[in-house]
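Note that the chains take the letters A, B, C, D and E in the order they are written out, and that residue 1 is the start of every chain.
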Amino acid sequence: GCGTSAKEKNSADTQSAADQAVTEENTESTDDTQIRLGGLKGPTSMGMAKLIQDASNGESDLNIDFTLAASADELTPAFVQGNLDIMAVPSNLASVLYNKTEGKAQVLAVNTLGVLYIVDTGDSVKSLSDLKGKTIYATGQGATPEYSLKYLLKENGLDPENDVTIEWKSEPTEIVSEMAASSDEVVAMLPQPFVTVAQSQVEGLNVAVNLNDEWNALDNGSSLVTGVVVVRSDFAKEHPQLVSEFMDAYQASTEFANNHVEEVSTMIEALDIVKAPIAQKAIPQCNITYMEGSSMKDALGGYLEVLYEQNPASIGGALPADDFYYER
Amino acid sequence: MKDNRIGNHKTIWIERTAAIAAVLVVWEIAARMLDQKILLASPWDVLLAFGELLHTPEFYQAVAGSFLHIAQGFLLGLLVGSICAVISAKVHLIEILLWPYMAAVKAAPVASFIILCLVWLSPSGLSVFISFLIVVPVVYTNLLNGIRDLDPQMKEFAECFGIRPWKRLIGIDLPQLRPYIVSSFEIAIGMAWKAGIAAEVIGTPDRSIGKMLYHAKIYLATPELFAWTLLVIFISVLFEKAVTGLLKLGYQRLEYRI
Amino acid sequence: MSIRLHNLDFNYKDQKVITNLSLEIADGGILCVMGESGCGKTTLLGILTGRLKPENGEIQGISGKRIGMVFQENRLLEEFSAESNILLGCDRGFYPLDGEDSRHWKKAEKRKHIDEHLKLVGLEEASKEKVKNLSGGMKRRVAIVRAMMSDCDILVMDEPFQGLDARNRRKAIEYIRRYKGDRTLLLVTHEKEDAERLGGVLFQMS
Amino acid sequence: MKDNRIGNHKTIWIERTAAIAAVLVVWEIAARMLDQKILLASPWDVLLAFGELLHTPEFYQAVAGSFLHIAQGFLLGLLVGSICAVISAKVHLIEILLWPYMAAVKAAPVASFIILCLVWLSPSGLSVFISFLIVVPVVYTNLLNGIRDLDPQMKEFAECFGIRPWKRLIGIDLPQLRPYIVSSFEIAIGMAWKAGIAAEVIGTPDRSIGKMLYHAKIYLATPELFAWTLLVIFISVLFEKAVTGLLKLGYQRLEYRI
Amino acid sequence: MSIRLHNLDFNYKDQKVITNLSLEIADGGILCVMGESGCGKTTLLGILTGRLKPENGEIQGISGKRIGMVFQENRLLEEFSAESNILLGCDRGFYPLDGEDSRHWKKAEKRKHIDEHLKLVGLEEASKEKVKNLSGGMKRRVAIVRAMMSDCDILVMDEPFQGLDARNRRKAIEYIRRYKGDRTLLLVTHEKEDAERLGGVLFQMS
């Protein structure tokens, strides 16, 4: 989905930027530069389904070329090379990109809060403190899920090393089969949409704890931020108007997703993000949101600090400076 | 002597079917013992899933798409691998210069260079390239060792009688290289499929088995996952038999090309 | 131009095999080399065909000459027929055995001529048979025909009659005499009689 | 004839170093042309990253851990592959019964059976198993084709003279199988590393190169990623040279075992 | 027990090679088979050694007998020394050539005995040399010594003297006569003289 070479594009961009200066007073934008948008299969892309659908139907002024990837491996090189302008990625990757490109990436908005849940085949877990002495099956060792879980356990007075046993698994499937097979109670931490997938496979699977709520309960201004929307800072500089329009459209799109779950689920399936039935069940629990400006800075900044304390490498070695947080 | 390995064609296919039946029995028993449908689907469930797949048009598109890419990767790898082997056998300098690349291609984990690949390649190009990369060292190494093992006495004969390169290849070198070529094909085709589908699982290009397999996997649709996997094995076996069959035919005709 | 060797020395590493050998073979002549097993006959042929490089000494009259050879170990393609073996050996062209010009021959014609020659050494039925199914003496005769039919200036034969019974040996000698043409013939043998029958010059190595 | 391929030991290592230097030049040029540090680190950056790695104790633990597991997988694969090949060459039934498994092992994408593996295996066991799986078909196919190509005349000699199996192996079979064995080793060792590290990237066992590589990758620490990758290639080459060196030594001694 | 063949027939597919052949060889006797190239001599030896199964006919007196053989094509291990070749050939044991009991021999002793025998056929310096570096006739003699030294009941030799000069041929015949012991010897040759020197019974095939 990213065919045109960067150079050609740039000269066209400067041209349209000049046009834009002339017609600044117009309410209608004349900047019809194509936005090359990237997203990953999974919750972080769900919020933009409507936006993409509208753009492709011509119901919006935005000209969007959307690339959906199964892994960040596909998006990162395209973004770094200037073949993607905006993309929705995990929050720590945004920070890593900012650090590794020396500020060439800026975050526009937070688009997904926590998607991690403690699930339970029994009913003995109602809150995080109930986890004491339990074995928790989980995925995401060495990545944000691990850091988030450990942080939350600590904040709730549990020592992640001694009070609980965390069994790290490589694949959610392993955990689901463990739950399906075991007659004993199994407690696990799973991300969406795997919680939903697992519920379809394991009878009587309870969602015991929403880690997002637990994080918010700490009330320190930060949030468990799963996904953000990043923009190439060069692109943002050249097309502030367009970016602003995009942000508006994006906000509307997330609101639409949260309010019209059924409708957006079919769009999500059409975009090949996940299947509609799964999306329909998962969306209410994916904490799709839209935050920009200072609220974004508080939520994300605090979260990145938590990650930084546990493993600086996970956010690219340093806390991003203020210019990381885009303001319009 | 060299022909008896192919055996009677009809018998061998009957035997193979029997062997597959034996595998199915083992599999059914294992599935019952484990009794976890998510982990190990039973042959029957897989058959049902397969039957359903057959009714979707995506099935045929996926098969055609993957076949096209992987066959392309295999043929490219075969070409590059054999050309490099032939030149390396003749020119020591080239062999030495190629050496670090071959070592890297053989041992470098795909995870390490996948990002670099995706800079230049589309997801479907990735599967061509990754299967190409697995085929090259197999063909190169086997062929180079085969060429080195060529009988020097026959080489001397060819030089003495002034036999031209093409005829020499047909009459003297190819017959001696036969087991090395067969071996390369038998290893490389299977591995090209393995690697190519793995690349598709990463890049999930449209119309590919890898994408379907990926979806089956994340949705825990184990019978489908197994059905796709068996399909991959099946196509790879068919492809291998077709290629080695062609090879055998080619060898039978070799004498008339002298 | 005649072939001349002058003061030739040849060693395999530290083992002296040929020392101070001088030799002259007239153009179109026949030289029969004799000598005990291991005295260096095959080595000498190797030098004459350019495969081995002598330590010292001069060699004249062989550079650029095309060679047809009967090797001591046959060196036939066992999986191919006798006919195909000879066809491959004559890739360079056919010697005008009966004075015919072979350049315009189609493959079928070539095969026909090969069959005829195989008949001459008593291999009428063997031409289509895989060489690996032939008897030792039959293979030997295929090797002789291959060398004889190939378009060359010098014929080199290392014990061409080994493994042949008296009758086939005579037949083969007759065949060589008849079709040698004006090629130079260098031949290793252990039988004086062969040399006499061929009417060659005898060269005793030691 | 068979020895000249090894060439003069000293010269060959000088040549190889020169070839590596040539690669570094190509790499540096490519890095400058692309000019994206995240995608393609320059040799110099990688060297620095490597220097830093050398100072951490994790480095040595990772190298030792991965080496242990992959070497184990290779040796197991070698053992199983060659035993299966020898038996298959003798007993047609076994060959046929093994056929579906070999086809599956060769072509089945790792993604398909990884979960099944993870249920039974620890993350480090996974890397043993996956490298084992890649080695088996390479060794099996090459060896089986080699055994089939054994000279029947020498077989007849051995039978006629009543030579015992062990002596027959040493004196008659092994020398003829040499290029097939060398080929198997050259392909299998590199691939065992490739596959083993890939498995570590999935299972991320503690004290493994794969885990380090995975983290370097997801955090876009490209110089480190490249440093680990080069290390993998380097160790695999060393391992290969060590094994083929031992093999050569073994072959030199073969005559004294008759 | 003497070896007896009765009304033997043998075909290769559709080609009749041996028809209605009957033969008897006394225990410890010498039979020299002669015949034109391709008449089936090697085939006959193949039947006698059990490698080929005849179409019809009876064979007596060879089952369970151990055989030492000189093949028409040497079949030596080219990469190993002459000595090692013979050592391998004698894996079953050494024939008590000078009446000694070889069962307690160490490897060094075995090699020493092999060297001595190689000397007897004029290969004093060749014992440590790789076979591929030996001349054709030298290889042939290694093959003869290998068969002679191996512990066997029947010696079978397919043109053992091919490629040998007169002197070495006589030496080899002498060697075989001297060390044959009470083994039965079946030998293919193209020279009546050889048969006479060995004092064997002549059997002409056709």
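General remarks:
Just so we're on the same page, a contact is a pair of C-beta atoms (placed from the backbone, for glycine too) under 8 Å apart; a residue touches a chain by one contact, two chains touch by 3 or more.
For each chain, UniProt lists the protein as follows: B, D = ABC transporter permease subunit; C, E = ABC transporter ATP-binding protein.
Because the structure is a prediction, the values reported are computed rather than measured.
Between chain C and chain D, the least number of touch steps comes to 2. Of all chains in the assembly, none touches chain D and also chain E. The leading chain pair by number of C-beta pairs in contact is B-D. In this assembly, the chain whose C-alpha centre lies farthest from chain E is A. The mean-CA centres of chain A and chain C are about 83 angstrom from one another, to the nearest whole unit. Per-chain Cα centroids separate chain B from chain C by 46 Å. Rounded to whole angstrom, the centroid-to-centroid distance between chain A and chain B, based on C-alpha atoms, equals 39 Å. Averaged C-alpha coordinates give centres for chain C and chain E that are 29 Å from one another. Contact with two or more other chains is made by residues 2, 39, 115-116, 119, 201, 214, 217 of chain B. In chain A, the residues that reach two or more other chains under the touch definition are 76-77, 81, 173, 177.
In chain C, the residues touching two or more other chains are 73.
A complete list of chain pairs in contact reads A-B, A-D, B-C, B-D, C-E, D-E.
Against chain A, in their complex, chain B makes its touches with residues 35-39, 114-116, 118-119, 123, 201-204, 214, 217-220. The residues of chain E lying in touch with chain C in their complex are 12, 34-38, 41-42, 72-73, 122, 126, 133-138, 140-141, 158-159, 162-169, 190. On chain A, the positions that touch chain B within their shared complex are 41, 69-71, 73-74, 76-78, 81, 173, 176-177, 180-181, 194, 197-198, 200-201, 275, 278. Within the complex formed with chain B, the chain D residues making contact are 1-2, 5, 12, 15-16, 18-20, 22-23, 34, 39-40, 96-97, 99-101, 103-104, 106-113, 115-116, 119, 137-138, 141-142, 145-146, 148-149, 152, 178-180, 182-183, 186-187, 189-191, 193-194, 197-198, 201, 210, 213-214, 217, 225-226, 228-229, 232-233, 236-237, 240. Residues of chain A touching chain D in their complex: 72, 76-77, 80-81, 93, 96-97, 100-101, 141-143, 169-171, 173-174, 177, 313-314, 316.
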